[in-house]
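Each structure below appears as structure tokens.
After this come two complexes, each holding chain A, first together with chain B and then together with chain C.
== the complex of A and B ==
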């Protein structure tokens, strides 16, 4: 049987306690979980034949579900879906080789969880709203020579100004989010205008006990900007904040 | 995603799905290259990149016009160039039977290309 690795975790207590906790959690297809340790670092594994492993959405969700469950008890680094090694010895060697990198990353995310924020909005409607509340200067270049090219430039310039105004609106929202996150000493990654309907797409790493503070902050922002929709999700294992290349 | 993972959402998920669906044709925005559609797939890829560059040029040009650093003559020439580029692009899209929506490849976590 191959070893399917779900996560790498920080195990400062005794390995017996770890094994006992894992025995209460089911792996994919109700399989058992076991820990392979090196120092204070352990890999949470399950036994699977790699050739029988179906890489589909249901299994991927089950894999994520197991990681989620283990994350309730330990600080961990989620492994990529379908991470297999041949034997326990291989896993052990991998832990030894990457010990420092794992430890560094685990300390960075210790007792913290990831939260996701998406801000949805109809960019066309928002642009119209922004245009109505603060009209765009209509004429931008002199068209007195009846040049169709200058009219064309004017048309493009108006569109450009509306777009710039939308970007500035998104910048304001991001600045407000960033201000709240700074107060929580959060690590964050924020993408502006991920698409025409996702104005902000962000992930934050904060302490678990700050969850309510974050929810309230997003609630305040929602009240301030009723024309857009804030959706906050979490807590997630730190999927977006692990930086390690396995040796 | 299970509902207990949604910590804050004032509207319904259907409402959000409507907003996203209006703009993001995720299926259509994927580049699907197969042996059967190599020609049209390649045309879509090439035209997407050309359109991206054209829009960047246009954006930069508008910044310069907005900044007031161009003379009337330069604006006239710029307008003519941009207009001709847009017309040529329209011609190419028509030739390859592509629409504006086709020329916006979704880059997954990085968002839309254009």
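== the complex of A and C ==
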């Protein structure tokens, strides 16, 4: 049987309880979970024939469900879906080789939750709104000197100014979000204009006791900007804050 | 008071879960068993899932996670 690895967890204060806790959680095929440990680091594994592994949506969701359940009891680093090793010895060696990296990552995410934030908006409508509320000055061109070239350049310049205003609007929102996050000493990654409709796509790592503070902060922003939609998801295990290159 | 801020819609939550479990977490390069042909992650018009499939394809092509992230244009931590 191969070893399907769900997560790497920190087990410094609950060594005796680990196997007992895992015995109350089922793997994706309802089979038992087991822990393979090295020092204070453990890999949560299930026995699974790699050739029988069905990589479909239901199994991916079940995999995430197992990680969620284990995360209720331990600080962990989620493994990406479909991570197999051949034997317990292989897992043990992998833990030994990467012990320091795992430990550093685990300490960074200890007692923290990940949240995701997407800010949706119709960029065309927002551009129109910005244009209407603060019109761009049209340069009065003497018809005699208005060549096709000048008309083309003016049109492009105008489009560029409208685009600049949208980006400036998004910058303002990101600055406000960042201000709240700094107050919470959160780690964050924010992408602006992830798509035409996703103006902001961010992930934050906050202390577990700051959840309500974050919800209220985003709620305040939603009130301030009713024309766009703030969608917060979480709490998640720290999927987006794993920074380790396995040896 | 701000209950509407946290998304509880099934589709959005599902997408967020799948995006994380397929695109993020610790990676054992070379041990991913996912084949794009076998996976039935069908979400019409949803870019997130497309990016997940692209990531898997790139990993299967032997690119390292760092190369895949560079190609995906990931933004630095702030």
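Definition applied: the second predicted complex is superposed on the first by the 241 of 247 C-alpha atoms of A that agree within 3 Å, B and C clash if a C-alpha of one lies under 4 Å from a C-alpha of the other, contacts with A are read in each partner's own complex, and residues count from 1 in each chain.
The rule is simple: contacts are C-beta pairs under 8 Å (C-beta built on N, C-alpha and C of every residue); 3 or more make two chains touch, one makes a residue touch a chain.
All values reported here derive from a predicted model rather than from experimental measurement.
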item: Which superposed partner A:121 touches (first chain B, second chain C, both, neither); value: first
item: Touching partner for A:167 - first (chain B), second (chain C), both, neither; value: neither
item: First (chain B), second (chain C), both or neither touched by A:152; value: first
item: First, second, both or neither for A:60, with chain B first and chain C second; value: second
item: First (chain B), second (chain C), both or neither touched by A:230; value: both
item: Contacts of A:32 with chain B and chain C, given as first, second, both or neither; value: neither
item: Which of chain B and chain C A:191 touches, first, second, both or neither; value: both
item: First (chain B), second (chain C), both or neither touched by A:222; value: both
item: Residues of chain A at both interfaces, chain B in one complex, chain C in the other; value: 191, 195, 215, 218-219, 222, 230-234, 236
item: Chain A to chain C touching residues, read off their complex; value: 5, 8, 50, 53-57, 60-61, 63-64, 67, 77-85, 94, 116, 178, 187-191, 195, 215-216, 218-219, 222, 230-234, 236, 239-240, 242, 244-246
item: Of all residues in chain B, those that touch chain A in their complex; value: 1, 5-11, 15-16, 19-20, 22-24, 58-59, 62-63, 65-66, 72, 75-80, 82-83, 106, 110-112
item: Interface residues, chain C side, partner chain A - complex; value: 1-2, 4-7, 12-14, 16-18, 20-29, 31-35, 38-41, 47, 65-66, 74-78
item: Complex contacts: residues of chain A adjacent to chain B; value: 115, 120-123, 140-142, 147-150, 152-153, 156-157, 160-161, 191, 193-198, 201, 211, 214-215, 218-219, 222, 229-234, 236
